């Protein structure tokens, strides 16, 4: 059996286990065990992956297994990973692991909560290991839909509205995407042969130019909506604001990465000519996104809104870098995906912890938290520093790779765009420090807060896992960068030819 | 007339026997409702099993009646659906107010089913028309079956009036067809490739007649009123079996008979599809009554079904049948839960569902899954059904249509989620109390659920259907 | 002007005029009677076209059965002399416009189309042939429809009795 | 020669930071302090060892050359653009190592006394270690990107330390301001790096600054607004330096940064971090000198203006730390001027040498001044001059060391300040007479405001103290004394043999024409200060009133802060951020909601179709059929 | 009697079309269920004319149209029966057979 299938099987078993669980406590423990196993297995997978590479295996994809599923439509269950998917899998398992621990105290419909959460994660895992557009799309939707319940049931504030808006916008995105995918499918055999959903095969066959020009926008925007592409990002602030902690974490941390990954793996990789022809337009959009999100974040008062806008900015940077279409920028984009995934998950985890204690997310209602809940606060500062790109934390590595890479494009347009995008690092600093200043520092504004308890063990575990990951990437980025870069040469070759 | 003929016609023959039983039971003033229901269900079950026995392809009665493997499959799909309807209606039929009514009910219901079989098996437009009438007239009576309620009476009258017009229009089309071809034998017509304005008119009139049964916009207006007014089992039957029969018939005729004139029916269906999806969705958005809501939802679904017709080949037919199967099971599951609720409480408003999950988690979950299936959300079967339909449309290069369809699927997701929201999210002081469902109801839901969960993953089914085309 | 022509024009005129009257007359019983005239005229038309049996069936079932049924129900449900409300202007406009449009579209297309006759020897629709074919199960036999009609009538009958029966 | 031990110079403070940071709660306060101090002591020793080996092992005449002690690949962008983390040792970095470790050690020791009993003592030492690590990493950077990395880390350490008293809103605001302003400058630095590295294909200082390297030997051809790409790049890079070194107009964060603990001000905001800009320009000096002379001019003008501007403001401030802060600005301005007027190689590189020489001496005397001020503040519990006076009786050691520092900064021979400042004036004199004149004037003003400060603290009237001030503990006075000694003798270090633009020694000569006027103007300054502030009198008030316009403007720091607040709060917040947020909520999101609402509205509008009237249904049916037919027929 | 020489087929067809749409008008404008039913009968009869005419004029070799017409007549009878049952049912529930009164189900 393909070891990759374990990535789906473990969560599936966990879900089954939770379903059978007798009480809340058992459900919790089973989820924790399951997701720990998943995390462990991802490490094992990483090890195997390295071993394979070390042993001289230079296949584009490894652990490939192909099973014909619908023979008449040539739909396959084709799985396989390369360095990019490998790192995304790591990201997902880390965030899910942390997410389970952070939601330790969910009391209402606990079993259902964990099942939905893990179902979401399963979708993400499946998406990342799929090499067939059909299964990819299937897992994509599997990942999106539990959001509705998760936000709607366990969320806060105008949760129904937000959940609905998020779901509909993302599904609207998948509407575009579906058209794009079908277009790809029906043009996948321009030179004869059977139509196919097989990613690698399509890349090999190439799509006719007219088809590319028509379907690229569908596919790119379709994925881009999930990647918070301006102006289709508005689901993000509302959605995050209402979502329960772990869901925000998974969503911003992992699910939004599906967008970027898809934009690259599917839209750009399969339709290089169109990507080249239309990059300018999307570069403008993403550049706007980067700056706009950052400026938007400055004015917000709700912690989650701040982080959501910041995500818009950071995810904009991902797409921005992808569109630069060179090895360095693309590596940067992938690094940024991982880095943003980890730090935004950390952010949301911490916001959840703060909200759980103070019952507000309005920064001007709080103050001086550093004194009362130092552990959470310190983590928050770290997350903030990672977000504004402090060296030694992951954000810096990603952003610098992006900027250096983007600057390799010699024409004025790309350079001006790069410089504009660069300016976001200042704006980011402004809103991060503003929040830190108002929220954590200064005198304690509300005397009730003096009795708050600092993070519990499970919260600490969740937060520290994320922080350590951020630091590892920040301090020793080379292995990750190489892991991500390794498949890029071939892919970019496709893109530039 | 040999045994073999009877065997080939086993669906119709066995149904006739069942009908006879019902007639006798009705006439003999059978008072034991429970036994009657049980016998009917058991009999139907046996009949249904017999339907699955493979038989040879044949054209009987000088080509009036055709049966082949595909048609057997289609009939079996309808049989299974009807079986589920029977299971679901068992509680309804056993209730005291239906004293002395079950016989009439089953008799009418089964004769409509037989009418549908004749529609499917028709080798001649005469049979098709006959089948259509047999499937429609008693249905109008069924819609009025709850004699106590004014709404039910209204539903029956509305259905009859409008369906009579629709069948008149269909007949007018058929008469023109007769004038053009000189025959109504499908086999003969299929040999000829004629094109003319009058042919177009004939085809459109024909499509409209079936489109009426299929609830395509603008021929759909009866749907919501009739669904809402009819007794719930009848509504279920309408939305799945009756619709399925119309769809299958339309498919068989268009693909098999008018195979040389695809352009003449594709464009009308394109237009109807867009109209149906959009209008169905727009109406479904604000419905509060579950039956009415499901009526519009089923209208929208019919719009989706038309996407399959964009492809002239095997893919088109396959996806249509496949989707209908999945849609049927999903809808039946929704109605199954609804029927349990209605049986236990008589409530059928969406607001009554508030907080449903807290008291009836299992039923809530079933409802959730089946709504997701209707909305086309993976991993439940609806996703596969929709995806393949879109594939069929896209294969004809109709990407704009696909896009419109997917957007409409998104809108439809909105209102399906409204139900989910009611059940899972909305709070309610006095939610529907925990309901104990009967064995029949459980069985019905079990069949549907198995189908919804498994069909997508068992690709053999799809391949099997495709093999029949 | 030959005999058949005159008869046809008379019948056609009767059909059209009485149909219109049946639609226009606000006294419902009269409308039913006009309908009866239309049906009878149609029977004449069938007779002209050599379908004597059909003409007879038309007279028996339509004139004798359906119209009587309709009149019964009129008597059951309304006062005989009461006039119906005049049609709503909106409905009237919509209906007439649609009808005119429909007539235009269909008639023009139908008239334009040159129907091609089969040019094969005609068979006489005698009672014998009709009877044989009605019971025949081979090609051009109508035994199956005949049976199915039976079921249809049965179902309709049982259902109708059930619905109409007082509880 | 083996310099691999220098890795410890980076590793130890990092380790100490990690240790103190992770165990901050469980570790006893004293122990944390000692641990931090010990590690720094070791580093200091190692730095001196490195200096000794380096300068001892090289030949001053031939130039000392560059040693890469280690270089690990940290991240590669492209095949050529790679970030290494390494240790580059040359005269410049060795000099910086010595300065930083020395001052840092002094501050560590001093803080043992100064910060005793403060809440967060462990945290304080952790941050100090972090800062030391970052600063050392910055100066030993082998490539410009490593420098940028540590540059940012220095910034964040500074942020953390300024905001050390995080419960004080003013400290929070100051730390935020410092970080954001320098961050803004760093944006320029980053863009500069991008431009420079793209045209050269390398980050390595070795390759960049080698006179035969690609930048210098093949000047970038394309011009933009009359300046070459390299010049633009270097200007952008200087923007980073200007931010860190608080050059006008990016200086505004530095005075506010005095909200941090005083030893921190001494270490970061006087001796080490703020001169990073100078260090940066010096590091890239060959490029500036040979490929971007226009940039050098800009540097000299900005430096000169800043030094004058800051000196004037310093004359009016009442907060003693702020006086010192403006003094720091002014002195850094001197260093910048020196770099700006310098040429490359040999005698022409006098300014270069002078700048770094001043950096060296300034580190000691300014640290001394701050620590002295800290000692005073520790005793008086106030920062304001108006609360002080006559302290010489209570705090003799502080008094003497502070006086030495004042004399040094005033530039009186034979104290170290005299030598370094004199070299700068000579260099300016030879290059640009106007700048020379300004700097000469500034020398006088410097003497004036320093002695205004000195007299106001230690002489003048003696206010009523709540608690009689007393001399600081030995942990504080010991560093004071050490730094005083250093300030006195640092001028005798033969800088022109050690730290020069091309690494080769050259001869300097004594310019009487420059030295005498500068001594004279310093004496005048001191004299004026004596007249006005030695004893309490009405003269300062009168003078202030007579030039009230200038005085008020200077007292309010020429309203630069207000302008900044206007730009940030008024423009960025109100006119960009707020509209963006509004736009997002109402226009972008509004459009999305509008789509939804339109759908719902449409659903309400068309509900009349379903009128419940069966005749209309039939009509719809019929007209639908007919329209469809018509449509098909017309096709 | 052979009509084809005397009266063209088209006359028959136009006649049937006229009757068909008159029937339709009847259904749309008459506000009484029974009259609507009468309209339906008109429409069905129009179709019958078509079938019979085609059979007679074009394809006299077989009796398809003839039988179709017979079947339609039979079904029309059944339909009328069913309709009247439903109408009576409505009458019992609503008290009239006016179409305007059976609009409880709407929107």
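Note that the chains are named A, B, C, D and E in the order they appear, and that numbering of residues resets to 1 at the start of each chain.
One rule holds for everything that comes next: contacts are C-beta pairs under 8 Å (C-beta built on N, C-alpha and C of every residue); 3 or more make two chains touch, one makes a residue touch a chain.
Quick caveat: nothing in here was measured; it's all calculated off a predicted structure.
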Find the two chains joined by the most C-beta pairs in contact, please.
-> C-E
Kindly work out which chain lies most centrally, taking the average of its C-alpha atoms as its position.
-> A
For the pair subunit A and subunit B, the C-alpha centroid-to-centroid distance in angstrom is 42
If you average the CA atoms of subunit D and of subunit E, how many Å lie between those two points?
-> 97
Could you state the distance in Å from the CA-based centre of subunit B to that of subunit D?
-> 78
Could you put a whole-Å number on the gap between the CA centroids of subunit B and subunit C?
-> 31
By residue number and range, which residues of subunit E touch two or more other chains?
-> 13, 20, 23-24, 27-29, 31, 36-37, 54-55, 58-59, 62, 64, 67, 71, 75, 78-79, 82, 85-87, 89, 102-106
Indicate the residues of subunit A shared as contacts by at least two other chains.
-> 168
Would you mind listing the residues of subunit D that make contact with two or more other chains?
-> 607, 610, 612, 614-616, 618-619, 622-623, 629, 633
For each chain, which other chains does it touch, given as pairs?
-> A-B, A-D, B-C, B-D, B-E, C-D, C-E, D-E
Quick one: which bits of subunit B touch subunit C in the complex? Just the residue numbers, please.
-> 1, 16, 19, 23, 26, 60-65, 101, 104, 107-108, 111-112, 114-115, 118, 126-127, 130-131, 133-134, 137-138, 141-142, 144-145, 147-148, 156, 176, 179-180, 182, 196-198, 201
Interface residues, subunit D side, partner subunit A - complex | 73-78, 81, 83, 145, 148-150, 152-153, 156, 159, 163, 166-169, 172-173, 175-176, 179-180, 183-184, 186-187, 190-191, 194-195, 197-198, 572-573, 576-578, 580-581, 584, 588-589, 591-593, 596
Considering the complex alone, what residue numbers of subunit D touch subunit E?
-> 607, 610-615, 618-619, 622
Which positions of subunit E touch subunit B when the two form their complex?
-> 13, 16, 20, 23-24, 27, 33, 36-37, 40, 43-44, 46-47, 50-51, 54-55, 58-59, 62, 64-65, 67-68, 71-72, 75, 78-79, 82-83, 85-87, 89-90, 92-94, 102-106
Complex contacts: residues of subunit E adjacent to subunit D = 24, 27-29, 31, 36, 99-100, 102-107
